[in-house]
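The same subunit A turns up in both complexes below, where it pairs with subunit B and then with subunit C.
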Partner chain A sequence: MSTRPRSQSHRIPGRGLIDRTKPLRFQFDGRSYEGFAGDTLASALLANGVRLMGRSFKYHRPRGVLTAGSEEPNALVTVLEDGQHTPNIRATMQELYAGLNARSQNRWPSLGFDAMAVNDYASPFLSAGFYYKTFMWPRAFWERLYEPVIRRAAGLGALSGVADTAVYEKAFAHCDLLVIGAGPSGLIAALSAGRAGADVILVEEDRRLGGRLLADQPLIDGKSGVAWAEGIAEELASLPNVRVMTRTTVTGAYDGGTYGALERVGLHLAPRAELPRECFWRITARRTVLSAGALERPIAHPDNDRPGVMLASGLRAYVARWGVNPGPVVVFSTNDSGLEAARALTRMGVEVAAYVDPRAVPVVEEFPVYAKAQVVGTQGRLGLKTAAIQHAGGISQVDARVLALAGGWNPSVHLACHMNGRPAWSEKIAGFVPVADMVPGMAAAGAASGVFSTAGCLADGLKAARAALDDLGIAAPDVPLPLAEDAPYAIAPLWAVDAGGRAWLDFANDVTTKDVALAAQEGFASVEHMKRYTTQGMAPDQGKSSNVGALAVLAEASGQSIPATGTTTFRPPFVPVSIAALGAGGRGEGFAPRRLLTSDAQSRAMGAPMIEAGLWYRPSYYPREGEADWRAACDREVQMVRKYVGITEVGTLGKIDVQGTDTARFLDFVYSNMMSTLKVGRARYGLMLREDGFVMDDGTCARMSDTHYVVTTTTAAAGLVMRHMEFAHQAFCANLNVRFTSVTETWAQFAIAGPRAAEVLATVCEAPELPFMGCAELEIGGIAGRIFRISFSGEMGYEVAVPTRYGADLFAHLVRAAEALGGGAYGMEALNVLRIEKGFLTHAELDGRVTAEDIGLGRMVSAKKDCIGKGASQRPELVAAGRAQLVGLLPVDPAHEISAGAHLYASDAKPLRENGQGYVTSVGPSPTLGQWIGLGFVVNGRKRHGEVLRLYDGLRGRDVPVQLVDPVFYDPEGGRMRG
Partner chain B sequence: MVKLRATEPTPRLPLEIGAARLAAVDAGQVTSVAPYPGCDVTPVLASAGLAFPAPNSMAASGALRIVWAGREMAFLLGGPAPEGLEDLAALSDQSDGWVFVQLTGAAARDVLARVTPLDLRDAAMPVASAARTLINHMPALILHNAPQAYEIAVFRSMAATLVEELEAAMTAVAARAELTA
Partner chain C sequence: MRIDCPYCGARDLREYTYGGAAAYLQRPEAEAEAAADDAAWDAYLHLRDNPAGRTRDLWFHEPCATWLEVERDTVSHEIFATRALAGVRT
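After this line comes the complex of A and B, so read on.
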């Protein structure tokens, strides 16, 4: 085992865009290291001589960092913070901060010695698709053994199991021009549009602007590209119409110019209490420039995956931007970009031990050139030691710490393909390029469109900005084109070196050229099949560095050209997005608005557990001292209402002001029964049907004046009924003089129910003599309010309404008055029992599948007039015999409990679907009857009262006989409430 | 006989976090005005110095404000409806149905950008414009009263959620500002 590396042993003095005055201590796998401000975890580890950073997914092969960017497939680590940990963080994206604590993944017991590496020795049996051919026998072993073992072995990092309680954000932004990527093309495009006065948003994944200028550092207008970028950044920051968003990745392109973007707000710092970790943005742009650059490809050759093997572009970045001294480097390249990388490295003082190129390149360089050659193998399991170069003279072993691969560049076309477009193959650059208008309003520029020279990118960026400004109708300013290198890009692609041994394509999912060839051999020759069969491209990096290589190998194996073999499509997100960012603010009670009653604070203070229904929080019951559970409280509350008086807030029910000279006529149209005959000062129960004839909702309608009704609806149906009435008016009778306004929120309403209701009422108002179902306006507690003599409990009762701001105080007064008379507040449990005792219905019964006739209210569909749904309700199947009808249910044994949702069968029948006779919709323990009661629907139920059926609830293990009875269990004449 | 007392809908306000301030607003009497089909409310409103607002607009006259609040609907704020309006439009008292707050300060727009998908740029939502939109999942009415002042109204029952979610947005925006400070 190697000795612990000296602190920052691999730095080049004086080089890099890091701040050497700010050292930062960090930990990796329990060891302490030091880096500098400006480092990423990857660059700091390399500077400390650490090349081994992870173990591969399937074979647990030792791996190092392959790239310097967000496309990193190998160096995935877990970051530990604050009693929490986050897996699968790319070490190239994790900015260094003081105290950073990271850990490698997918290895046991340690990165240097991973017991699971035994998989690598079993590799001939673990090639692509192995699980389709094995683990078949014995059958029983699949669920018991194979699947659990495979599950444990699969995956990379592990979740902490601790809920993520950190802060995340979501936000929206709008602009005229969205520029994606702040390399040379993006910078000049943003500058141009910014100077023109357009609203510009420039989004850059890195922490600073510049893109490849930061790594390659070419000259622009005679000065360093880095300085040029800084100058542009300064000007952009000064323009009020330009918003620069760094550390932000555009993740997806959607309809209507909408883009998703993930911003790393706090991940580059130690956790701070109120600072969001991430922000998920939705940006809407009229036009977009995709200046997202290009990603370099590796070359597939035997053992091309050792720690120390990386992309040439990544190496350049580590040297130039982060001042890392890699040690002796072998460069294996198929194109001029790789050659330029070797030259640049040499200029920066790096030892290039060999430049290997399959092309006939001239050998006159400051480093040894192996022309018409290729790398055929490497040595050094835990860190590269030598590279084997095959050339005309044979095979040479060259000592190297780093092998830099330059296999060519892939324009980043991903976002352009998000709306199902496919890019086009360009023979010239041996890569895919975007096709115009794949995303409406988006145009690619620079390397993203296959233009690779600095001068070319600058010109392309200006051109794209000009075109966008033109579309936007904004005059383009005169921005001079800066001078820069315009070197040609020549490439002779070498997709795979065939020299025995495994050549890696997809590092993240451990897919080799052999796997792809195997897929073709087994008949999975389409790229979509190859992808799923081998899992190439399906890892967190989504194949960014392997898609094209795999496609090329597949093309060769199936004897087709690359364009003919096609490409799989790209879908959002472009980079992994945490669920916490997508769902920011939506955890726990943040998921939906809480609608609180005016009595909410008092109910909670009285110890009532609250339940949520239709966003409203309502009290379940009001426990009193000595009551052991909900049942005790519920029983007491029901009896309290029936004997004395109870108070409950009913303001959640929808209330709609319907006004206008045609109101009565309109209500006759939407209600099944007559509402036009309702007298002023009276309320009436009504049914509303859907257009298909089924019951939509029931409610009470109160007539306040000739042209003013107040319609009430079930709590959860308030919006539904409002929409229904609006639709009916607009679609069927727009000429009717009627308007609808929701007043659910405007009134706080309370039920005063029980024989002593009038006494309670007298403490807050001088109530007029009201007949049953009468209503009136009157002063309550000195405030203009309303009173309705209606009852949902079946007892003498009133509902009183005051403007919402007085609700809390009114509730306090009513409860006090009730308690003085032996009563008090009651909750939803008791409310439910009371109404079941009376056979009153809720949406448990009116579930959208029942007709008026089914619930025994067929006569409420008036014969004297038409209404919405009447015609449809008379369709043969809805009036045929044999429909399920509302019944009451009484357990034969009074000790038995029954459950809603249970189904009903003949006493001697098996509880199977085909024997079903009906189902149970509501149940409750009735202290009035001394046993559980329920409501439900049974075939021909109304004719079967007295019959005993079998109630079966397989979930709760209930199997009890129940008798069918009239759904009104208590006071069937209604004398108590009409009294 | 008891005399009922009113309850404050947003007792936690005012809140000041970073460069944003959230305060309660007493909008006074609020009446929804929905002209009946074919009725012209212009003359009656003119007598109060107002006109029925075009979509997304609002106007003021003395203590009265009129705000577009949806399809063929306006809210009259700050006083009783002019006489005769009840014959031409459905009027409904909304004073207790909505809770009003005002978000002000240099960070107001940034805070609002966390909770509403609306385009808040000046060209799209200038001063004296209004919009029916969402604040997260709450139906809302937003009035752009001044460059750094937005009045926000949601259903009164959602007042607690409104304050909580705006407070969270204000806190997050302030935490970011601290980074660059």
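After this line comes the complex of A and C, so read on.
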């Protein structure tokens, strides 16, 4: 294979908006070429005489580029860079950069010779509905045979299999007026609103402003359209209230004036690590002008899919904007814009070998005109060689390298239809146009609303801007309407040439007119059914150039009018959006930020493995020399707390500061038990119910002063309880003087647990004589802190709190002090065993399905007052006998291990759902009891202590007898923690 | 969807937490504890209209901790009115 660059043999000297002083070397399918700065991959390939750019999806037909824009169905390539593959890049959108390396897709072994092209010869068997008809059965074949074969044979580019390490970003913007598309209507609309002082965002998909002005180059106010657009661009850039976003495609219209937009930030450049590839914008606009232009459509005639067949508008762009002369052209047009294209091509020095028009157009032009004629076939396997033209005198074969199709224009109504609006059919332009208010706040202007002359677009854009400014209450400035061509647009639509052979509608998905007719014949005559039966419009281009044509063919085949046939649903996104861009910022810690305790670094330094609790990371255990596994460490830590003293950080618990003169009254309303009777300097365990009577959360309330409480929540329910308190206040008793502040992150809090806790405490503060469940504000190591005499371990214990920034130091100090007394730090495993031994509950038990009565705390629902959940907690089913109640579980054989999630059955019952007696919520190895213990719920469990049930865990293959016991295994009187 | 917060202005849906139907504001009287009122609690807790059209529901604006009642259309997503449950504090 030659690596010698071919010269740019198809360039027109001096023409085009490219920088000929900046040649760029690039590769396509392993071959080296040269283009210029300002080229796209497609224009550079055409300039080098390359017409074959890809293979079609189903039949693997050789295909060339059809368009010059984002609607491109054929020229999809894979861009290779640093081991990354980015598949399905449209060659028309990929800007050329030095070193660009692209590869064609859907071909093997090469683009010129593709083994799968045998599909093309089998096409009589691969028509519409083929998959449905052929791969129906046997069912077992789907996964093993049919699907892998289909996926391999049909398809788009392949992924590299390597994680995408590139950077993607997301961003938000707000404006008064969003202008979508910077053609003549968009430019004048943005200028008008910009001069008026409105906050304007002008979004343009292309690298530069101008839209069709760049390709068609009409005169505006006596100067070229390109120069006029440049002048406007300069003024817009000078206005501080106007933001111009190029290389950005608006992808969807959503509620409340919100639009999604995809910006190509680095895709047009050689990869740079610091530069994001794409940025996904969410733009909120008070008003929007949709000036997205129109897309030309091809004509379905036999063999209309050869490389070299393209849209007249695309060809015009390649010639005028990129200075490409692709060779002799046949123009096949149904309307005046195609005729104008032929004239423009001639003016620019491109040979028009024939102009073919089914209408009775005048034949006096500078090129051969075939009036009342049509193209009925083409030849050339890997590139067009001749076109067959049928006219009054018979059929002529005309040599050409390019066949330019001009089947009329479809206004880009997509965004206007994203909120389920349906466009209207316009006979005048033979296309769908937006109707008013399809998207609230959006108005279409220019070609997007079916106005095709330059003068018409300018007037329409000005009008749309005025209307938007009027809505916004901003005075519109006097922007004069520029002078420009105002040629009428006449069309005699010709959707399909009926001359035998295959005529393509959807190039990307290989759908022909025959497929659509077959769908209608087989009963799939509704447009949505036809789409799914034939796959029309379901490729990455979403049928932008083919849907209306297919619709017209369907209408004819089913004997209906086009408007009666209707359109398929337009859904976002308007162009393909990479998942990486859509999810920018949502990977790794962007998806799950890490919440770290103040002791985190020291715990890790001590070798503690971390366990995730929501977003928090908590130490699992603190291994010591000679300990074989977690179990050894856990056993030691539990015994250490029971015998000496242990330190653990409890900062993950939610902490809410509640203040105000009515705080006590309010807490009585949200907690089931009395909080108003709590004395200053005392804390109380509290139970919070949901309004439906089930337990929501538990925690402690500590009264710091008459009007100030500090309440804790479980780790998981911190946010929920905060929202709940705000709701209860704002919805039911807003007159109460009370306010809430989350202080979870404000305080670092540590449990000091064990018989020698007071000795540790004495090393950091002058501990007052605190009674059990007492609390106080005091200095801890010279820092204003808090102390609570509460216990989650069942031992004598304190919790001390200091501002978060002192947490790490306090932890280090407490651990040192504890170690000096034979204790040390303990982790989550030990904490869990300690609390199970005491029958204390977590959300493993409080799972939203249990009542206060179920957990043995029925007396905590005060009879003296109303509270959230009290009314419903008295409902018959919630107080009926036969509910599952909290019990302790003890394996009959102390050597047996048990597991949470296991279910409980009578000893002689089969482990079937209907025999269920209960389930296990928490287990742990208790060194205190010398065996595994557990908590669970059993039907009428409180009355069944002593009974033996069958614990069955089908997942772990565990089947052991367990005895039901009191859920408090250790020190049931609580003497140890009361001291 | 964008919802008007009386404190913060029009804000994106993602700043809000949904709180169910506005019927939740009509809490049965405190005395309604007896079994005779079971039906009242059942209706209050569980029975909800599911209209295709105008509805009133509750939304929590997380950044400013304000609960709102929002009148909106479930089909068009148009928002007709919002009000802070507790009124606007000044």
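Here is the rule we go by: the second predicted complex is superposed on the first by the 919 of 979 C-alpha atoms of A that agree within 3 Å, B and C clash if a C-alpha of one lies under 4 Å from a C-alpha of the other, contacts with A are read in each partner's own complex, and residues count from 1 in each chain.
Methods note: a contact is a pair of C-beta atoms (placed from the backbone, for glycine too) under 8 Å apart; a residue touches a chain by one contact, two chains touch by 3 or more.
This one's a predicted model, so the numbers in the text were calculated from it and none came from an experiment.
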Touched partner set for A:32, first subunit B, second subunit C, both or neither: neither
Which superposed partner A:596 touches (first subunit B, second subunit C, both, neither): first
Which superposed partner A:734 touches (first subunit B, second subunit C, both, neither): both
First (subunit B), second (subunit C), both or neither touched by A:284: both
First (subunit B), second (subunit C), both or neither touched by A:705: neither
Touched partner set for A:677, first subunit B, second subunit C, both or neither: neither
Between subunit B and subunit C, more extensive residue contact with subunit A: B
First (subunit B), second (subunit C), both or neither touched by A:876: second
Interface residues of subunit A shared between complexes with subunit B and subunit C: 282, 284, 734, 740
Subunit A residues within the subunit C interface of the complex: 254-258, 282, 284, 440, 691-692, 722-723, 726-727, 729-732, 734, 740, 866, 870-872, 874-876
Residue ranges of subunit A in contact with subunit B within the complex: 167, 169-174, 199, 265, 269, 272, 274-276, 282, 284, 585, 590, 592-598, 616, 657, 659-661, 734-748, 763-766, 780-783, 802-810, 813
In the complex with subunit A, residue positions of subunit B that touch it: 1-7, 9, 32, 34, 36-38, 73, 89-98, 113-114, 116-121, 124, 136-138, 155-161, 165, 168-169, 171-172, 174-176, 178-179
Residues of subunit C defined as touching subunit A within the complex: 1-2, 10, 12-13, 17, 19, 24-25, 27-28, 30, 32-35, 37-38, 41-42, 45, 58, 60, 65-67, 77-79, 84-87
